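Each of the two complexes below includes subunit A, the first together with subunit B, the second together with subunit C.
And then the complex of A and B:
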């Protein structure tokens, strides 16, 4: 079975006054039908840009997809015309953005914003679209949807707006939904509700999901496979549980010790990863994590480690790990 | 909403009352009177005229009489136009001023918005530069300078358009241009800035992520939001245009209210001055009220209370 989505060696660069920022620099991943994968990494590591690249919504003219392939059901999205790409967006691939507060148009009703995609892709009339919007709002758990469709975004709370965004994303029953840090800006209590909602809906519609997050803690619960990104590259990927229990890249290990965990005694200190991600205009020659890595070896400064299978179905781009020494694993295993 | 409109109308009445009082006082403070001529009239004649028009009475009685007349829709008799009421004279000028003002205003809005949008959508292209250049030039030239420049070029040098008067389409082009250029330039600048701002908003990206046609994204999502600040300045710009009409009508000898106003001032025609000032005040106040109400129509976040 071929994957629903295959991203191959994607490079998305931004032209800035200071030089070319290599936001995504040769990233590959794949998503099967109905599968949920997670794309994990800290701010600025390129996870959002790689997601926007799939929809070809990278802000032009500064941002540009330099090379690579994005195969969706076998067709390369990067080779589609503007019109063909438009027919994909919203209909086959949709996205839930991070900022529910600013991602909805303030002067249009919620119902209209859900219905307009249906009007375009499914040839519905405004009336049919609004009826469908009512049903969708009910589905995402908004009370009194028949009245609420006539509300404007400012009459919705943050959590409700994100539910409305979810309704927009699922409106045309796409095969793939990209959720870009969908819960970052809402309360912790709402976060779990929203993630459960997204999970239940994608399961029900058999929709594939790319969950983008910086919180490795939530990944194991929602995603089957996880891809860890650092400085525009994928540095580790594998089954979520394997990555979670036996991280094979010191960066992943660092991410895990920097978030609170419920399965450890409360006294364990959270350990932040010291230092800053590298400059993406002039990335270091060797391993991009080397400057912040406690285990770095001379080789790490000279050569960029390739992404290799270090355990069954578990890949890591780390010289140390590839020598089968993983000193950072002692703590978590 | 209805209560808001009612309250605004009450405020409008108060504004008109204050304007009428200030104008009335200023008129009487300014030296000279309606009967000053190059050849002086005999004192008995002046006295008789003053008595006839009630100008011999104390100031507040005169003002009171004026207000009573106003409530009856009577602005009094003009001193300079023989035996015609101020209302009659103004009603004659009104359609002319209205035609000129509305033509200039609509043209300013259409040209301003399209120029501003085009500049924003093609930022840093030649369209953008030309649009910014024109709006800077026209925003800095006063209406009366522009009027004279136009006259020199199109009437004196090229003989394309008549220098003034009223009645044909060719006579409306230059005055409307002289009047509308400044508001058009301001509207273009505001539209450009707000469109650039709106284009960067997350909800525009959301609209694109739904696969909508670029045209739909532009009109439904960008234009609607970028027009909010344009509507707010449309009120003051309309007021500018109205006051500008006084000068432009005089320069192009257009028999509208603006020119009547200027004539009234020179002739110390108290009734005509009061009538035209109140007309202007009324138009400006109404324009601002309409803008405030429109503002709430396009931006649902605005709530009236």
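And then the complex of A and C:
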């Protein structure tokens, strides 16, 4: 079976006053139909830029997709004309952003914003579009949708706006939804509401989902496969079960030990990862994690580790992981 | 281990008036941001404060520090009711009452160097000058894990985690006894959060400072707190010592909050059923009747919309405000 989306060796760079920011520097991943994958990593590691690249929404002229392929149903999105790309966005691939207030249009009613895509992609009239908008708002759990379609974004609470964003994203029944930190600015209670909603809807419509988050709990609950990003690269990926149980990159292992867990006895001390991610303008030669890595060896400073299969369907970009046993893994019982 | 109470809050309320009309402003309602809250924090202790946004956590903390003046109630610190003191009388006490905010970037003056930021309280309170001043700043930088040569940098030259360290250093400058930490980790990445959590714990160990630790992250709160209070719509829903409240949460709101936190383990999450709380926090301008939580409570029964539950001790200092557990109602 071929994947719905295949990102191959994507490089997206930004030209800035200080130099070239290699925001996404050779990233590959794939998403199957109806599947949920997670992209996880700390801020600045390139999650959003990699998502925007798929939709070709990277801010030009500073930002530029340098190379790579983004195959969607076999077609390379990077080769499409502007018009062809517009027909994709919202219709076949849509995106939900972290802060709906900045991505919704403040001077258009919620109903119009949902209807717009339906008018453009599905040739609906305004009346049909508004009817469909009412149905969609109801579907995403907004009370009194027949009245609320006439509201403006500021009249919605944060949680409600995010529901409206979900309604916009699913309006044309796309094959792929990208959710970029959809719950980072809301409370855990609302987070649970929204994520359960997204899960139910994508399941029902058989929509594939790229869930971008920095929250390891969210990944564990909602994604089957996970891709861990660090400094513009994917440094580990595999089935979530394997990656969490046997992390094959010290960074992933470090993330997992930094967070306290409610289901385990309380630790007296957290084990953070020391230091901070490297500057993407002048990343180090060799492994980008070396400065923070407790297992770094001379080779790590000379050569960048490739992403290789270190266990069945489990990939990691780490010299130690590829050669030896992994001292950071919990001793298997 | 009978430790001394550092700060005590008695029946504290803070109402924000809502007015209408341009010229003759008429009060039409009150936002009951904090509505009758009482607790005490002991020396060297951390009280975790959780609850959804809008529940009154920040307002409560600000009232304790007299950054807001309470509508009614008392805040005892070093034997004095701070609410009764004038700004001038408060001034000398402020040294020992400090605050660390959520976004270090918003709370640090961009035109100040790190030295100015950390040292400002030393100048204001006339603590140190000249060489002693520079040494004290270097010492504080060291204490929070920053290098003394960074003293001449501006906030934008620091990463988010480093800026929060600056915030911590500033709060520590005057050797406080109490620090209100208002979501100090929210803007930070997990690996950096852990660094700051450890730093706060070390400093508490070293100086015996007490914290009010406001956070929406219940896992971090469990890690850092000795006791935990859960707040909903201006009131304390439940308060107890840490192990008790996490092992045996009684209030349906606490249960729902805990259930909503996903565990970073796919094996656990694949099987776990969660309580998804419906709706959102209602406006504190017109809070629901009876138990303020009743419209969202999955265990509500008939009485809940009429009767206001009292915060009662159900044993060993575990207090909960829920009719399911009330025994002593006359």
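Brief remarks follow.
Here is the rule we go by: the second predicted complex is superposed on the first by the 329 of 333 C-alpha atoms of A that agree within 3 Å, B and C clash if a C-alpha of one lies under 4 Å from a C-alpha of the other, contacts with A are read in each partner's own complex, and residues count from 1 in each chain.
We take it that a contact is a pair of C-beta atoms (placed from the backbone, for glycine too) under 8 Å apart; a residue touches a chain by one contact, two chains touch by 3 or more.
Computed from a predicted structure; not experimentally measured.
When both complexes are overlaid on subunit A, subunit B and subunit C end up sitting side by side without clashing. Contact with subunit B, but none with subunit C, is seen for A:104 once the two complexes are overlaid on the shared chain. Of the two partner chains placed by superposition, only subunit B is touched by A:87; subunit C is not. When subunit A is checked against subunit B and against subunit C, the one touching more of its residues turns out to be C. By the touch criterion defined above, A:196 lies against subunit C but remains apart from subunit B after alignment on the C-alpha atoms of chain A.
In the superposed model, A:157 lies in contact with subunit C only, and not with subunit B. Of the two partner chains, subunit C is the only one that A:187 touches; subunit B does not reach it. In the overlay built on the shared chain, the residue A:117 is in contact with subunit B alone; subunit C does not reach it.
Subunit B and subunit C never share a C-alpha pair closer than 7 Å once the two structures are laid over each other.
The residues of subunit B lying in touch with subunit A in their complex are 201-203, 205-213, 216, 220-221, 224-225, 228, 298-301.
Per the touch definition, subunit A reaches subunit C in the complex via residues 42-43, 157, 159-160, 187-193, 196, 214-221, 240-241, 244-245, 254-256, 258-263, 266-267, 269-274, 276. The touching residues of subunit A, counted against subunit B in their complex, run 55, 57, 86-91, 94-95, 97, 99, 102-108, 113, 116-117, 120-121, 152, 154, 165, 168. Taken together, the subunit C residues at the contact with subunit A in this complex read 52-53, 159-162, 189-195, 197-198, 201, 216, 218-220, 222-223, 242-243, 246, 256-269, 272, 274, 276-278, 280.
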